[in-house]
Amino acid sequence: MYELGIVKRNIVRADRAVVDQLGKFGSATVHEAMGRVGLMKPYMRPIYPGAHACGTAVTVLLQPGDNWMMHVAAEQLQPGDIVVAACTTDNSDGFFGDLLATSFRARGAVGLVIDGGCRDVKDLTAMHFPVWSRAISSKGTVKSTLGSVNIAVVCAGMSVDPGDVVLADDDGVVVVPASMAQKVAGAAAAREANEGEKRAKLAQGVLGLDMYKMRGPLEAAGLKYID
Amino acid sequence: MYELGIVKRNIVRADRAVVDQLGKFGSATVHEAMGRVGLMKPYMRPIYPGAHACGTAVTVLLQPGDNWMMHVAAEQLQPGDIVVAACTTDNSDGFFGDLLATSFRARGAVGLVIDGGCRDVKDLTAMHFPVWSRAISSKGTVKSTLGSVNIAVVCAGMSVDPGDVVLADDDGVVVVPASMAQKVAGAAAAREANEGEKRAKLAQGVLGLDMYKMRGPLEAAGLKYID
Amino acid sequence: MYELGIVKRNIVRADRAVVDQLGKFGSATVHEAMGRVGLMKPYMRPIYPGAHACGTAVTVLLQPGDNWMMHVAAEQLQPGDIVVAACTTDNSDGFFGDLLATSFRARGAVGLVIDGGCRDVKDLTAMHFPVWSRAISSKGTVKSTLGSVNIAVVCAGMSVDPGDVVLADDDGVVVVPASMAQKVAGAAAAREANEGEKRAKLAQGVLGLDMYKMRGPLEAAGLKYID
Amino acid sequence: MYELGIVKRNIVRADRAVVDQLGKFGSATVHEAMGRVGLMKPYMRPIYPGAHACGTAVTVLLQPGDNWMMHVAAEQLQPGDIVVAACTTDNSDGFFGDLLATSFRARGAVGLVIDGGCRDVKDLTAMHFPVWSRAISSKGTVKSTLGSVNIAVVCAGMSVDPGDVVLADDDGVVVVPASMAQKVAGAAAAREANEGEKRAKLAQGVLGLDMYKMRGPLEAAGLKYID
Amino acid sequence: MYELGIVKRNIVRADRAVVDQLGKFGSATVHEAMGRVGLMKPYMRPIYPGAHACGTAVTVLLQPGDNWMMHVAAEQLQPGDIVVAACTTDNSDGFFGDLLATSFRARGAVGLVIDGGCRDVKDLTAMHFPVWSRAISSKGTVKSTLGSVNIAVVCAGMSVDPGDVVLADDDGVVVVPASMAQKVAGAAAAREANEGEKRAKLAQGVLGLDMYKMRGPLEAAGLKYID
Amino acid sequence: MYELGIVKRNIVRADRAVVDQLGKFGSATVHEAMGRVGLMKPYMRPIYPGAHACGTAVTVLLQPGDNWMMHVAAEQLQPGDIVVAACTTDNSDGFFGDLLATSFRARGAVGLVIDGGCRDVKDLTAMHFPVWSRAISSKGTVKSTLGSVNIAVVCAGMSVDPGDVVLADDDGVVVVPASMAQKVAGAAAAREANEGEKRAKLAQGVLGLDMYKMRGPLEAAGLKYID
């Protein structure tokens, strides 16, 4: 349950070296390496093509139409962090723009994932400050009601703890619990190595049906070929 | 209330000089300068990144699946106008394509904002004719039922009078009533001047918490820092 | 009605020469040439701007969260085919990524239209493998439940028979039954020829009102001009 | 454009006798009598079947997640009023529940139309206090940011002026400008008289094709009967 | 592909006796009996709880905002028919109300399934005329543009041929091709007989795990019980 | 992060007496008593009006189109439990119907909250077995892929731990962590006592403006009354 009005200062961040390892993979690869879990909902989209970020989560719980807590979160940022902002209700207002991006970057943040709206898209694109959001909206926000910073949040359907690794790219956003980051990085590397070989075979015309030995299971399941 | 079957020929357009002033700002800045009002809903998106337009509104009320009134509107266009098209019901059909864009441009129009669908996106992009729409759709339309031109309309949740200033960019679409355009342009300029200084401070690592003097109000609201 | 667990091997593809003719037109032109029918719903969007494909449909019926049939479909592909994948329920999972694209391309496929999710967007864009989908999602899929290949499917609201011509571009996706392809190609060519002349007139400032002789019908319908 | 922080006390309400006349019709009849305009979007649904209300609009502009202005509006209510609440952004929070309903009813209000959420549905149903809303939600709201009362608002896509007649039933919500109420009431009465006769004929098996003399126009439009 | 402007008079209806057999089952049972296919999308909802209908399809293709073809369809109705109305684009207008219902009933129709809007819900409920629709809306429609009657249509994602059996209840709408109706009725009966026994066992506390012998497969799939 | 293929047998349920206390309140009251948190998203709706349930959560993680884990969950149920089912992706299939309801009830379950579809609505209503779901759908499901039972899940945007109190009614679904249940029950009781008095005052015509002493703060915020 959300406790409001709280800022947790000391959070345990995933190990930097592991974050860097994970950052070399795509979100799909890491999601598969985790056992096909960890994804936010696909309505979260990057504000520009090619956006990519991997960092340790500083979490923010926002109130609708109110971005007060974003400023509170700025102070808690450390280099390599990515801000993950949830809201107590569905809201598409423009909680974030180029001024906050300037501040977040000055503190070392590598991006923002926000289950809300974002504005100043042209400037953010020019700055190469990557944002994943549910909407783009000029709508301004007030600074009146407390949320929290660095509590566990649910963002776009996925629970995120402060310090978790968050990896985002063109395909979406995946969350890796800090405690599992090392193991997942290993699994992702193994998977990726594996993919190169598969890709080469498929490019030569080998069928997945043969490469993955699917013909037997398909027949067993009752698949029928007709002419 | 909408009166159907009406074309108003003489509308009072916002002053050209003021429109040009407003056109230098982003939609978020102008929205803030108006007191955080005037925005269309964020489902209105530009058909290509970087689209930007600012003009005086010629309004169109469409019927679903029918773009007859777009042709009627073309005749009412003057250089510097932007067409704002509403519909009597939610409809995503392709009311507008490159032929109408050619006609609108020949009449001096600077863009289109349509609470409906748009097609010929590739051609429109090549022409640099900016359109903000709720959908992209090849779906063709008929020419059978009257709507109106240059009546007050509600487009994407915002009321627009003919002659109002409409400013649209990557962040969305904002409507400035003609009677307020001068005042809003002034407020936007003041705001923007102000932003440069703020941005510099934030870039140096100054926190919004301090720059905006938020620590007191946050404490008064009950914010607690824990370790 | 869908029959599950079926792969039809011998399908009658539309004539290659006609497919190539149709491929020169946009989806809006072909849709108009068909009498304003044949479109999938506009939620189907290309994964990158400028995507374009025209081919003969190999159809796939998927089960939610399961991409087994995509591998079965790969074997049925011939050069010039486009895969059209429907699902038995609304589902946005990432049924397709760069490995399958590599396989499909090796078999000669020119693109994919999928009423589901797609992943590896960055790689697919780099490969110039065009995909139209309802969503982009990293979400992985299983290989457990039979669908079918090369049965008649409904994809994004449009029925598609194997062998039909499917043309997709920035504006959407249009389906031309194989039996009508030649006739539609002719009508599209006539329409396009016609469009060049219209465009030139409109660019010179001629109004659609006059070019299409709309003033009489508008007056008859009761349109009133006021000042 | 919305002016925030304003409460207009003296509004011109539509004539009570006309409101009562209009209240005898359904929303569809009144919408047709207006020339097929005046409807809010169909996402506005009554919280219980059979809900019906017709009154003079007291308008409220809300901020997201904030119902402060509902209390301000209560003081402006007169017997026979219906509250019409818009919001500066899409928001489904529970701005209204049984306490406010008790207050509104004590002031003589006959119902609420809110482009937001409503809660205490069971109690409101028991009270027979009719509400049309975009959502039902327990989500509570704060009282921090000013909106306005009795300014012109856009609610669910329709502009509403204070004092307008608002009629809502199972089919939706229609807004009749105060200045047109008398004329619309007359047209609605004529239409309804007309409907009884039509209904009787149709019940006897007379076809609309004949009753409305559609066969000629259909043939002229090119309709073909085949066997 | 849709051919517009066509009314097919002679359609082959599924056998009445079989329709009556199917009408005794729920939509879920029939869908399962067909092999888990045949359903329209779940956005199709009955206008009142407990609505139930089973009949032979007379199909209608509508144009957006235009209900002309509904009147054309009325003439083609025979006792026991159910009207299935599709539209060339997504549209929620109120194509159907109590007058058309009176006409349809006079012709013997048992209900309507419409991928569009419906109005006069209170009257239709009082008449016990069941309708499944995507929306409820007072929005009136014109009579200007041809669609077709008794062509194959796609309604809410499902293809329907004239004469097919359409069964609709609280759970949704299922379509049974006329040629398969007898076989499906038999399978549904077998399934339902089967269900009574299962229900009794489950009510006594027998677990599905045991009744369906799932423990082995679950263990084989790797399920682990922990404390 | 979700671990798949796990069934936790021993969970710590909230105290029965406290669950019963909480069950006397509405979801809005409990949500307020928690400090305005704990709600699932408002797309979760009861399948019949007046549905009400309060129990201890047995959680289920489903895979799309697959209800295998529902049978696994049945075995873990104890009297007073409510099943909370999440899914690894958005899916509206009919995971649950009257057979599973019979089984769940035989095990003592008081209801189901499912971020997916439900079917057999008529039977479930007749049984008075309350369900809150995101959709109603006849669509059947397979039993092929493992999820988990009694792990922490995110259901409709809210995190739920096994053993938490889940209270659902016409207004929505609220989750109370087991550890806070006693405290929340106390706060809810205090709040409700308080509400009776407020209701009486409001019914007598006292304004919220006065009862809540809002006039000062409104004036301080700048509210202006005009005539």
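When the chains are written out, they are named A, B, C, D, E and F in that same order, and each has its own residue count from 1.
By our rule, contacts are C-beta pairs under 8 Å (C-beta built on N, C-alpha and C of every residue); 3 or more make two chains touch, one makes a residue touch a chain.
Being a predicted model, the structure only gives us computed values, none of them experimental.
The chains in contact with subunit A and with subunit F alike are C, D.
If you match contact pairs by residue number, over half of those in A-F turn up again in just one of B-D, B-C or A-D, and that pair is B-D. Here D-E and B-E were compared by C-beta pairs in contact; the pair with more is D-E. Subunit D and subunit F have Cα centroids lying 31 Å from one another.
Note on chain placement: the centre of subunit B and the centre of subunit F lie 41 Å apart, centres being C-alpha means. Contact of a single residue of subunit C with at least two other chains is seen at positions 36, 88, 90, 92, 137, 139, 145. Pairs of chains in mutual contact: A-B, A-C, A-D, A-F, B-C, B-D, B-E, C-E, C-F, D-E, D-F, E-F.
Contact residues on subunit C toward subunit A in their complex (touch as defined above): 5-10, 48, 68, 70-72, 74-75, 92, 94, 97-100, 102-103, 105-107, 117, 119-122, 125, 135-140, 143, 145-146.
Subunit A meets subunit D in the complex at residues 63-66, 88-93, 137, 139, 142, 144-145. Across the interface of their complex, subunit D is touched by residues 26-28, 31-32, 36, 39, 42, 45, 49-50, 169-172, 174, 195, 198-199, 202-205, 207-209, 212, 214, 217-218, 221-227 of subunit F. For subunit C in complex with subunit E, the residues that touch the partner chain are 1-4, 34-38, 41, 88, 90, 152, 154, 157-159, 175-177, 180.
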